[in-house]
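What follows is chain A paired twice: with chain B in the first complex and chain C in the second.
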Partner chain A sequence: MTAYIVRRAILTLISIWMVTVLIFLLLHVIGPFFISDRSLDPNDWTESISYFLVPEEQLADPEMVRQTLARAGLDKPILERYLSWAGNLLQGDLGSSVLSERPVWDELKWRLPVSVELGLIALVLSAVTAVPLGALTAVKQDTSVDYTVRGYAIALSAFPNFWIATLVVEYASKWWRWAPDIRFEHLWVDPVQHFSVMWLPVVLIALTPGSVFVRYMRATMLEVLRQDYIRTARSKGVVERMVIIRHAMRNAMIPVVTLFGLVVPILIAGNVIFERFFTLPGMGKYIVDAVGDFDIPVIQSVVLVFALIISITNFLVDLSYAWIDPRIRYS
Partner chain B sequence: MSGNYWSRRPVSRRAVVRGSALGLMGLGGAALIGCGGGDEAEVAATSSGSSAATAAATQALVSQQAAATETGILTPRVDHTAQATRGGIFKGITQAEPEQVDPLQATSYKAAYYSRWAYQTLLEFEPGLGDNTAKGNVQAGLVENWEFADATTLILNLRKDAKWDPRPPTNSRPFVAEDVAQSWKKFEALSNSAADLAHSRSDDAPIIDMVAVDDHTIRIDMAFSFGDILAAIAYQRWFMVQPQEAIAEKYNPRDDIRGTGPWMLDSWDRSVAMRWRANPNAWGVNKPFMDGFDNPVIDEYAQRQAQFKAGQLWWSQTRQEDIISTKEDIPELDVWQEPVQKGNWGIAFGLKPGSIWRDQRARQALSMLIDRELINDTFYDLTAFRDKGWPTKARIHGMGISSGYNDYWVDPAGKEFMDYGQQYSAAQSKLYYRNPEEAAKLMAAAGMEQGFELPMKWIATTEYGTTFPRVGEAYQGFFEQDGHFKVTAEHPDYKTDYLPHYYYGSGDFDGIIWAAKQGGAGGLPFVSQTMFADLYSQGTRQHIAYTPGGNQHKNEYKNPVEVDAIEGTSASDATILKIRSETDQETQLDMIRQWQVDNVERMPCIPAGWPYAVAPYALSWPFTKNWGWRRDHLEYEEQQRFSQVWIDEPLRKKLLG
Partner chain C sequence: MSEQETAPLTEEEFYELIPEDSRPWIQQKLSGMGRFAVRRPLGFFGGVIVVIFLTIAVFSPWLVPFDPYKQSLGDRFLSPSWTHLVGTDYVGRDIASRLIYGARLSLFVGMGTVLLSGVAGTVMGIMWAYLGKTFDSFMSMMVTAGLALPDLVLLIIAAQIARQAGVSEIIAIVVTLSFTRMWGVTRIYRSAALEVRSRPFVEAAESYGANSVRVMSRHVLPNILPLIIVSSTLALPNAILAEAALSFLGFGPAGEPSWGQMFAGEAREYFRRQIWMLWAPGLAIGLTVMGFNFWGDAMRDLLDPRLRGTT
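Up next is the complex of A and B:
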């Protein structure tokens, strides 16, 4: 097991390094190639980039353009740019935003917890509700319970959760003059206020993955329930509840856990709309604004952090298989 | 109102525009200022005017607004200062969070807007009060009084009672002339507006230097006589005064503010909220009644509206199409009809050598295919307001001058402000109205056949809001409706194509472009014609915004086509420079109006029908007293008005619990 962990850790580090190269190439070579009308002239790249980085009011001033490009490090040769960025990364320096001039780390250190919390709580909420419901629908296959829960799950999968969020907020304010609390405070500053703000987005975010988990869990449970060992357990006289919980659900969880692993990074990195809608200071809003402005230091650092999260999550999911199914051994 | 505009129009054309107007979006402008004008249910394409007609039109407008106030639709603009009580935190909003808040090296208008809550200009624009709108005159600010030593030297006597923020590092230090002098140096070196004011950055900018004569006196040396110097230093988007501590970076002026104004930036949690508190050192009328503002950052309109309806926000820029329904949901809300806003976008021409658009007749023909009134009615949903008995007010923008600029604007309909000597002739006025037959004749004269191939470009993305592309579709419909043109619609990418090639371009393209500013901010070749109007000034006296060679004048930026691709451009430039140097305001107004009339036939660009041509409505909670009393001249001066607002706490408790 230890050897496996070491091997996976090394692979993860290599993956991260490859991500840095890929991000860099995308932002500094391929991106400018496309935004400069496919011109390969470096002068055109920097000019095109300047339309992203330099405020419109300053575009006419060559000195302003030069200063801004220099702040983004775009006045250096490309290899020097990469080595400089990678070297700074190794020292924990993620660089600074070209536009706000604020260090990226200063932003990340209080935005990352918000996104992680939002994503993880939503995941846990969806899992603790969806997994039992999925199992229940499988056990009660083709009954009214099955049809009702599946109906809701399909509907929730069909309707985007941000649309549901808009309706909830819109009609609550119209009918009851109620609106969600948006006065965000960090957990460590004011926990009560924090959860007063966070509960609604968490619930709404959990709807979509929850609906997927229900259907996935139902499908895998149905398959497991038809296995020989379940029949054997029942023939041995094991109580039905124990058959379901200990034998069926636990085995049905393995593909579902894989799904959790896939959903985690989406939940953490993909809640842009919710963060905007509920005015939560997370990573999503930060990266979207940065992409819109082609703020290269921010984009490359945030994408790198996302890559880290995805790598670590996958690593943990792999390890969890062994815990769920003792037959699995990493040797 | 028999025979009104709607009853006279064929359904088919309405359908053309309606089809493009799904999901109407109101203006996002922040104008909550003066008011004037009135309904334009019927517009006659005539230019003849008389004092009797003016009086009748004015009386009709006043009557209509008065009736709306009496029936409770509009809230009366009343001064509640005598009953004011102090205290309370206003629940406001940060709609467009700035990247930073240093106005002297700012990169966008947002920094200027928010820093203006605390930093101040040397002079200020005089507000209107109640039903009297602001006229654009300047009044004392950090400068108590002023005098011209000669035509190019202005002496400013500074306030002696102004102090900086009580917090470190300014520690209530008195405001002195050295603050102004050092701020000027920083502005001159770093500001993206420096080329509009600083002579060292542009030959056509007036100010050579601001010199501290003593602690309370500043001398402004100018390179030439500049008629609008007072307005220029009152304009908040340009020069604001920072303390010497900011210039020495004893605090970080990008993240924090230490000003002399009514509010202090208490805390700024990025993406969460900006919190402002009353500055105990604020002077005079700037001393706020309220303790402060808590302004969360809310990007999403639906969330803003929900918060507003729930009473968690006390004002919100409600879109025009949502005004009636919001008022019906919350009948207690105050309703204000705001003035027509100061903006004017248009259609620009590609002017490559040999372009058909170098022919004035071709440009005029295109203008005469647009039904501007229909655009107004449709995209502002005026019928819905009229059906409910709300007074509506719509105008047609003039050449280069937004219809929001009362006094400066000459009404193509010949109805408003007709007491001026400058009016359009009938031949000039008709260029603003749809007339397909006449357009066909002009096209033929220019050598264009029916069904002329017309590449037409506009951005289809939402940088200018969701309505902008639909208005482009409406124009396309007008041009194609009677077979005049066969339009090929093209949608350039905003940043990589539209900005460099059109917005900052030089007319070096084929066809036409529907642009977000009248001609675009600099690149389009006729920009020098229109720039001085209202592109960036957005509320300041429009003629000061145009500085040939200045920040706003960027047509030299990339490969300009020849200056006189549209005949008469050089002459018009020369006139503008004369207007700028005129110091007598009445004479200057006459010259501006005359410029407008003189240039309409040249049609260097086509003033469009949308946006800003309609007086929008605004809503607020009624316990925010004095909300509608002070009428700021500039769209971005609410922060000044806020010091006069107070909270009627018993009423708030009654309404919100």
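Up next is the complex of A and C:
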């Protein structure tokens, strides 16, 4: 097991490094290359970046442009830029926004908890409701319960959650003159206000992973219910409820663990969409605004944080799965 | 039983044993479809939606009743009528025409992504299952890194770069989506290829000296083709949803009618006066995605029953 953990950890570290290279290439080479009329000269690329970072009235002044670029370290050669970014990252320095000049870390301190809270509560909510529902549809296969729950799950995976959100907001205001509360307060400042803002985005973000959990749980549960050990449990007289809960659901939930890795990118996408929709000060809103301004230091840090979250979850999912099912470790 | 009686049939003899269907061709096809409709009503329903969607998307320039870009402020917020089937929006554009052009964009993004990521995933997946240890560890690094990418965020960045650079945003969306989606596909195809590789006929082919290129292309690929078709069918609606989300956030192709953008931004202030601006694109996205999912599920059960119920 230790060898497996070490191997996966090294793999995860290397993959995180590869993600930093990729983000860097996208923002410092590919993007500027296309924006600068496909010039092959990296100096031109630097010029092209300045058009997005420097306020328009300062563009005429070469000295101002040079200062802005220098502040973000964007006037250096490409390789040096990467090395200094990576070096600073290793020391825990994420750089500063070019426009507001605020350190990215200062922003993350406030924003990361908001996004993590949204994502985690949504994940727990969807798992707690959808896993039993999925099991229920399998137990009641081909009954009206099965059809109703599955119908909702299929609809929720087809109709985008941001459309459902728009629908909810529109009809709530039309019928009950109710509008979602958007006066955000941090949890530690005003918990009541905090949750009166957060509950709706959390529920909306939970819809998509919920529909995934229902369908997957149903499939694995149906498979488990056909196994010999279920028949054995029944034939030795175990109460049906215990058969379902203790013997079937427990085993059916093992493959569902792998879904957590799959669901995290969905949650991040949900964060990006709904933090903008409900103007919540989280990571998603931060990066959407930064992309609009082409604020390179912010973009690369936030993408990296997202990639870190996903790869760490994937790592933990792999480990827990290998722990549950020893066959994995040796493949 | 003597040897003669059980002598294997030649191929022609075998086919002669099958009674010939004397009905006209069209009737045969129709009864086949009827059987499919009865046995898998949802799959049939999905297939109908897919066909309607494809027809609308491919023939959109000839199908639109009005110019989807043309604003006419005198015709704002018209109710649905025979001229404007789902009414007009807040600048007087015909919503039905915009839906039809939106279908074209969705199809292009969906198809492009599925083709690009499908080809890349197939090539990488099969090679990963075949080539040696160095390539194996290289690929597991690439896939682990690829699966850690936040797709919507990269899509926003790529679309923004394309917009600033004056490059087609649609191409940027397709390329980025394919890049983020192909790693998962690669992993699925690799495990399928590994499974095929362990079967006896591959061993037989290898034993009479077929080289690995031949084994990969003639033996492994045809055997994972059903899986490729099914997973592509189920990946297409995902790409459509991703494009809709991007457009909803305001980073979609500028000026192009897109389903996700039709109920976002400025339009949100006018739902009171034209609720179809909200319902029409949402139903279009939902029904199309649902159609592809039902159709894909039915295809999976027909092509590869072992995969039944895996999603």
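Miscellaneous remarks
Basically, the second predicted complex is superposed on the first by the 304 of 331 C-alpha atoms of A that agree within 3 Å, B and C clash if a C-alpha of one lies under 4 Å from a C-alpha of the other, contacts with A are read in each partner's own complex, and residues count from 1 in each chain.
Keep this in mind: a contact is a pair of C-beta atoms (placed from the backbone, for glycine too) under 8 Å apart; a residue touches a chain by one contact, two chains touch by 3 or more.
The structure displayed is predicted, hence computed values, not measured ones.
By the touch criterion stated above, A:174 is placed in contact with chain B and with chain C alike.
Applying the stated contact rule after C-alpha superposition, one finds that A:166 touches each of chain B and chain C.
Residue contacts after overlaying the shared chain place A:291 against chain C, while chain B stays out of touching range. By the document's definition of touching, neither partner reaches A:140: not chain B, not chain C. Looking at the shared chain after the overlay, A:234 reaches neither chain B nor chain C. For chain A, the partner with contacts to more residues, out of chain B and chain C, is C. Judged by the touch definition given at the top, the superposed model places A:71 against neither chain B nor chain C. By the touch criterion defined above, A:276 reaches both chain B and chain C. Within the superposed three-chain model, A:107 lies in touch with chain B and out of touch with chain C [touch as defined at top]. Comparing the two interfaces of chain A, the one with chain B and the one with chain C have residues 35, 51-52, 166, 170, 174, 276, 294 in common. Against chain A, the residues of chain C that register as touching in their complex are 140-142, 144-145, 147-154, 156-158, 160-162, 164-165, 167, 237, 241, 244-245, 248-249, 251, 260, 263-264, 268, 271-272, 275, 278, 281-282, 285-287, 289-290, 293, 309-311. Here chain A touches chain B in the complex through residues 35-37, 47-48, 51-52, 55-61, 64, 97, 99-102, 107, 111, 166, 169-170, 172-174, 177-180, 182-184, 276-281, 285-286, 294, going by the rule given at the top.
The touching residues of chain A, counted against chain C in their complex, run 11-12, 14-16, 18-19, 22, 26-27, 30-31, 34-35, 51-52, 154-155, 157-160, 162-163, 166-167, 170, 174, 215-216, 218-219, 222-223, 261, 265, 268-269, 272-273, 276, 287-288, 291-292, 294, 299, 302-303, 306-308, 310-311, 314. Chain contact summary for the complex, chain B toward chain A: residues 99-100, 107-108, 192-193, 195, 254-255, 269-273, 294, 296-300, 302-303, 305-307, 309-312, 329-330, 495-497, 499-500, 503-504, 521-522, 551, 554, 557.
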